[in-house]
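Per-chain residue numbering starts at 1, and chain names A, B, C, D and E are given in the order in which the chains are listed.
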Amino acid sequence: MQLFLEQMLNGIAIGAIYAMITLGLALVYGILRILHVAHAAVYTVGAYIGLAIFSATHSILLSAAGAMVFCAGLGFLIERFVYFPLLKYPPYVPLIGSIACLLAIEELCRLAAGPYILSFPAQLPFPSFTVGGIVISSTLTAVYCISAGVLALLWFITTRTELGLAMRATSQDMAIASSMGINSHRIISLTFMIGSAVAAIAGILVGIYYNQVYPSMGAVPAYKTLALIVVGGLGSVPGAVLASILLGVGETLLIGYAGIPLPRDALAFIAMIAVLLWRPQGLLGGRG
Amino acid sequence: MLLEVRDLRIAYGDIEAVHGVSFSVEEGELVSIIGANGAGKSSILNAIMGLVPSRSGSIRFKTAEISRMAAHERARAGIRLVPERARVFPRLTVMENLRVGLYGIHDRSREEKQLEWLYSLFPILAERSGQNAATLSGGEQQQLAIARALISDPRLLLVDEVSMGLMPKLVEEVFTVLQELNRQKGLTILLVEQNALASLEISKRSYVLETGRIQFEGESRVLKDDPRIREAYLGL
Amino acid sequence: MSEYSITIGTLIAIQAIVACGLNVIVGYAGQISLGHAAFFGIGAYASALLTTAGGLSFWSALPIVLGITGLIGLFLGLPSLRLREDFLAITTIGINFIVVSVFQYVPFFGGALGIGGIPRIVLFGERIRGVSFLLLSAGFLAITLLICWLFTRSWSGLACFALREDETAASSMGVSPVRFKLTAFILGTAMAGLGGALYAHFMRFISATDFGFPMSVMILSMVVLGGMGTLWGPVLGALVLGILPEVFRPLTDYRMFLYAALLLLMIRFQPGGLLGENSLARQTLSRLKGGKS
Amino acid sequence: MDEALLSLREISMHFGGLKALDKVSFDLREGEILGLIGPNGAGKTTCFNTVSGVYRPTSGEIRFRGTRTDGLPPHRMAALGIGRTFQIVRPFPNLTVLENVIVAAGLNCYGKLIPSCRPWKGRKTREEAMEILARVGLDSQAEQKAGLLPLGNLRRLELARALALKPHLLLLDESFSGLRHEEIAQQEELVRKTRESGISILLIEHNMRVAMGLCDRLVVLDHGMKLAEGKPESIRNNPEVIRAYLGKGGSANAS
Amino acid sequence: MRGFRVFAAVLVILCLSIGVASAAETIKIGMLAPLTGFAAADGASALNSVKIAVDQVNGQGGVLGKKIQLIVYDDRADAKEAVALAYKLIEQDKIAAFVAGSYSLPTRAVAPIFQEEKIPLVAAYAIHPDVTKAGEYCFRNGFLGTVEGKAAAYTAHKLLNAKTVALLTSDNDFGRTLVEGFKMYQAKYGKDMKIVYEQAYPFSEKDFKPYLSKIKEANPDVIFASGYYFQTGPLLKQARELGIKSKILGEEGADSPKLAEIAGEAAEGFYIVTNFDRDDPRPVVQNFLKEYRKRYKIEPDMVGASAYDAFMIIVDAMRKTKTYSNPTAIRMAISKTTNFDGLTGIIKGFTHIGEVVKPVQVQVVKNGLFRRFGVVDDPELIRP
C-alpha cells in the first residue's frame, strides 16, 4: 500500500510536469491548428535563461520572471516569423519549419552555454513532509504547488477573464470572433506568449527537479507532448492536462509493477493509438 | 448616410461573386437586400463586416472609409453581424457567447442592463445561460447570435439569413424582434434575406439582388406587389 | 573518386530511394506520413536478419524484404483511411517511435546492441563495395525512379493524383480511396524497404537509433525541399541535404546550427520545394526559356 | 413505375436530432431531366448526397436500374453508371484539363489489378477525352492546369468529367450557380444536348429560371419533406411552393 | 523575395569561407568525436583532453622530430557520418593512426574500415565488443563491459561486503554487458551474494522513483546502478529522497564532475568502477589534472582521460618503432605495449584481440569529488 501510494504521488508529479509542457502546445494547436514542436525548444530556452538569471541573482523569483518574459518573446517571434507566413500551406510545411526551429534553437543553446549538462542548484522554498512513512520531498511539494498554481492561474485566465474568453472564442471561430471586435492577431500572439511563459516555468521546474539543464532536454518532450495532445483531444486544454496526468501515473505504475523497460515515449504513443482506436476525438475532444 | 457602399466587387480567387453593387442605409432605417440563394447576398454582408476582402469599390461608414480596415476595427466602430447559420461559439456557454459580444467594452453597469434587456427579449437564453451553445436548437442559436450582436449596442446591425432552416413560426418571431428593435430603439439594420415577403414586410426599403447585381430597388411597400419579385425568385 | 565521396554518394543514393518512396505516399497520393524511417528500418532489419540469422543471400532475401515492408506498410496505412490529417501526422510519428523501440528492446532484433556482421552483397561472384556499391545503389535508384515514372503514367498513379487533389471528386469518378491509398502506401514503403536493405548491407551494422524520428524528418525534408510530387524532387532534396552538412563540415561547431537555420529559411521562403510550383528554380527556368509560363 | 431509372422510397436522413430528410420518395424516368428545388436548407443537397453515395440514408431505399444502391460508396455508384458534378466545383487543380477528364475515363481500370497498372497516356484514351472536351467546348484549354480555369469553364469541365464516365444518369449539383448570363445559356444548351444523347439527368438548381426552363418535371423540398412534384407550370402556380420561396409575410407586423 | 536574397547571400558567404587547410610536414593523427548532438558533452571532453596531449607531445619536440597534427571531425555519434568521415581521414588527410573518441555505434561502424585500410585504431571509451573484433589493427583502451561488470561485482562483494544486491541497468549495449560480467563473477565467486532485484531502464529515463520504490522494499546492501552521470545523478538524489540507505555503486558512465553537481549532497559516498584514478600520485596524472583544470576550468572525467591515453598509446608506439609512416610497425608496437605509464593507470598490455589489460579503479565521492577507494587488479578479473 505504501509503495503504491508513493508510486501514485510520484506519477502525479511527473504528470503535472508533462501537463505544464503540453499546455502550451494544446493552446497553440487549439488556436492555429499547428503542431508546435518547437515549443520544446522554448522550454529548453526557459530552463537556460532561468539558470542564467539564477546564477547571477540567486533569486528564483527573478529567474522565473525573467525566463517567462524571455520565452514569451521567443514564442511571439516564432509565431510571427515562422508560423504566420506558413499558415496557408498544408500542415507538414509549418511542421518542418517547427522542427527546423527546434534544431536551430537547441544548437544555439549548445553554442551559447556549452554542451555540458549544467546543474540548477536552486532550493525551492517548499517544505517536505513525512506522512505515515511516506516521504514527500520538498521538490515534490514544489512540483505539486507550482503546477497546481500555474494550472489554476491558467484556468482563471481562460475561464474568468476577458482575454481568456477572447482566446476561446478565437479558437472556435476566428472570423466571427474578429467581427465581435476581437483582434485575433493579437490574441494569437498572446496565446503563444502565455503558452511559452508556462513552458519557461516548466523548463525551470524540470531543471531543478532533475537538477540538470542541457541543450537536448527538449528532444523527448517535443514529440511525446504531441501524443499527449492527441490523447487529450486535439486543442482541448483540460484534455491535455488530464492526458498528461494519466500518462504520468500510468507510466509510473507500469514501470513500477510490470517492470517493462519500454521507453516512455513509445508508451505514450501506444496509449495514443489505443485511444484513437477507441475514441478518435480524444478523451475530451469536442469535434469528432 | 450611415452606410454607403459604392461599386463593391467581391471575388473568390478568379470567381467574381459580386459584380459592383451600390447601395446605402440611412441612420435608423431597416433596409433589406433580397434575392434567391447564390445571388451574393452573404458576400456583401461579409465584405461590409470585413470578413471577406473586397476586390474594389468603397464602403463608407459614418463618413469614414472602412473598406481597408480589419474586421475587429469595424466591429469597434459599431458594426455587428448576425452571421448566416448563427455561428455561435459552440463550446462557450450562452452567457460567455454574450460576453464575447461585449469584448473591449468596459462598462460593467451597462452589462447588467443589457443582459436584462436581452433576456427579456429572448427569455429562452436566460434559461439556458449556463449551457454550451452547441446544445441549443437551431432557433435558439439564431436568437443567441442576435443577442450577441445586440449586446454591444451597435450603430449598424447586419443580419444574414436569419430565416434559413428555421420553422415558420420562429421566423416570424425573429422578424418581429428585428422590427421592434428598429422601430422602438431606432436601430439601423441591414437585412439580407431569401425570405422576400417577410423582409419586405418589415423593411423600409429593399434592394433585389440577382447573380451578383442589384436588379432593382424601391420602397418595400411598393415592391411587395411588384411582379418582378416573383420573377426573380420563381423564374417566371 | 575517393572513398569519402563514394560513401557520401552511396548514402545519398540510398536516402534518395527512401525519399522517392515517401514521395509516392505524400507527393503522389497526398497522404501525410511522418514516420517513414520506420519502414526504412524495417527493411534494414528484415534484410539484416534474413542474411545473418536466416543465412540467405542479399538477392534471395530482397523479395522477402520488399514483401514484408510492403505488407507492414499496408497494415500501417490503414489508419490513413479514417484519420484526419493532423491525427494521421501524429499517428505516423507514433508508429516511428514504436517501431524503433521494438527494435531497441526486443532481444530478437539484437536489442540495444543492434545487428552486426551483415554480409556484403555478392553480385556475379564479386563482393560489392566502394564504387561498385555506389553504382549498385545508383542502379536501384534508377529502377526506383523508373517505377515512379511508370507509376505516374499508370491508371493507378492517375487515380492517386486524383485522390490527392480531391478525394470526393475522385471517388465520384470511380476511384476507390481505400484501394489506391493503400496501393501508394505499399509501393512507398516497399521502396523504403529497398533503401533499408541497401543501407544494412552498406553499413554492415545497424542499430535502432539509425531509424528514429529525426531520420523521418530528414527524409520528409528531402521530399518537401526538393519538390513534392515531382519525379526528381526527392533526388534533388537528398542531394542538397546530403551535401550541405559536408559543405559545412569545416565550421565544426556551427555546422548543425547552420544546417537547421538553412532548413528553416528554405521551408520559410520556398515552402513549395525547390522544384515545386512557383519555385525560384522553375521561375528562372521559365524566364530562361523566355516563353510564357 | 417499371420504367423508373432511379427511385427513392421513403428516404430519411437524420444528423443527430436534425431531420434533414423526412421520408422523401420520387422517381426519375429514363431520359428525363428531373429538377430538385427548394429554398435554402430544404435538404436538396442532402438528398442529392444520399443518391450519389456520399451519405448512407438513415432509412429508406434507393434503387438504380433495379439494384439497390443506398449505402454504396461513391466509387461504386460511379461504376454503376452515375456521374455527378459538385455545387462547389471540385476540379483536380494541379492536373491539366485533359487529365481531369482522363481520370474519369479510367473507370473500368480502377477495379482490377492488371488494367490499373497499364499506362493512361494512350492515344485512344486521349482522343476520346479530347472528343468529350470538344463537346463541352474546352478542347482549346486541354493542356491548361484545371486550377487556373474560370468558374464557367470549371462547370463545363465537371460536366465533361462526368460524361467521360459514360453514365446512364447524371447528377448535376447547382451547375449553373455563379455563372454569367451568357454562360448559363451555353450550359443549358450543353445539358439539353447531353439528354439528347440518351443520358438521364437529376439536377439541383436554385436559379428558378433555369430549373423551370430546363426540367421536364420538378420535385420541391422544404424542411426536409417533399412539398410538391410535377411539371414546371403546375409548380410555378402552386401556392405552397410560392409561400415556401417568398415566405409568408403578412403576420410579421403584429405590433 | 528580399528574405530569399539575404538567404542566398548567406549561403554564398558560407561557401566562400570554407578554406582549404594546408598542412606542413607533420604527423597526422585522426580523431572522430561527437562535437554536436546529444553526445556533445563527451565529445568536448575527449577533444579537450587530446588537445592537451597533443600540446604536451609537441611541447617536447613532437615525435621523431615532427610535430603532431590532430585532425578532428564531428560525427554526431552517428554511424553514417562516421563511415564517410573515416574515409575522409584516410584518403584526404592521410592520417597515420586513429583515435576513436566517439560512442560505440560510430566506432563499431568505422573499425572495419580502418582494419581494411590497415591503419591502427585505438578506441578511447567505446565499449562494444565488436570494435576490437574487426581485426588486429583495432585496439581498445577502455574496459569491456564484462570486465568492468566483474570488477563491479568484486567491489560489491569484497570491498563493500554485500550480501544482497539490486541491479538497475541502463538498457543499452554497455549496461547489458555490464550485467553479464557482474553475473559471471557472481556465478563463479560470489554465490553468497544474492541478486534480489534486477531491472533494465530505458536510456531516456530521468525518473527512477518507480524502480527505486521497489528497490526500497527489497532493501539490498548494494545497488549496482549502471548508467551515465545524467541518469545516475538524479537516481542518487531520488534514492536518498526516498530514504534508501543502501550503498550505491555505479560505473564509468557516471564518472563526470557533473555527477556531484547534479546529485549534490546525495552523491556523497557513491562508488564507481572506472578508468581513471584522480588520486594517482604519478606525475602523468597530476600534470594532466593541473593542466586540464587550468585550461578548461572544469574537472576532467573518464572519457577525457581515456581519449588522452588512446592518443598517447599511439604516440608511444611511434616513438618505440621510430616510424610514423609504417602502420604495420605501429600496430605491432601497440600490441606489444607493456607497463605503459598511462593516465588511466599502468597499462599492462593488450590481449591478442586488442583489449586493454589494466586495473579497474574504484572511486568514491567525498566532498563532491571522486577520490580513490580501491583498485581491482586481480588478473583473473581484469583479463578480458
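Things worth noting here:
Please note the rule applied: contacts are C-beta pairs under 8 Å (C-beta built on N, C-alpha and C of every residue); 3 or more make two chains touch, one makes a residue touch a chain.
Just so it is clear, the model here is predicted, and its values are computed rather than measured.
Counting hops only between chains that touch, chain A reaches chain B in a minimum of 1. Listing every chain that touches chain C and chain E alike gives A. Look at the CA centroids: the one farthest from the centroid of chain D belongs to E. Note on chain placement: the centre of chain D and the centre of chain E lie 73 Å apart, centres being C-alpha means.
Chain A and chain D, compared by their mean Cα positions, are separated by 50 Å.
Centre to centre, using the average C-alpha position, chain B and chain D are separated by 32 Å.
Chain B and chain C have centres, each the mean of its CA atoms, that are 53 Å apart. Shared interface positions of chain C, i.e. residues touching 2 or more other chains, are given as 101, 104-105, 253, 256, 268. Applying the touch definition to all chain combinations yields A-B, A-C, A-E, B-D, C-D, C-E.
Across the complex, chain E meets chain A through its residues 35-38, 40-41, 43-44, 171, 199-207, 209-211, 213-214, 216-217, 229-230, 233-234, 237, 241-243, 258, 261-264, 298. Interface of chain A with chain B (complex): residues 162, 165-166, 168-169, 172-173, 175-184, 286. Taken together, the chain C residues at the contact with chain E in this complex read 2-4, 6-8, 11, 101, 104-105, 111-114, 116-117, 203-205, 207, 209-210, 245-253, 255-256, 258, 262, 265-266, 268-270, 280.
On the chain D side of its complex with chain B, the touching residues are 18, 39-41, 148-151, 174, 177-181, 206-213, 223, 236, 241-242, 245-255. Contact residues on chain B toward chain D in their complex (touch as defined above): 14-15, 17, 36-38, 138, 161, 163-165, 167-168, 171-172, 175-176, 179-180, 183, 194-202, 211, 224, 229-230, 233-236.
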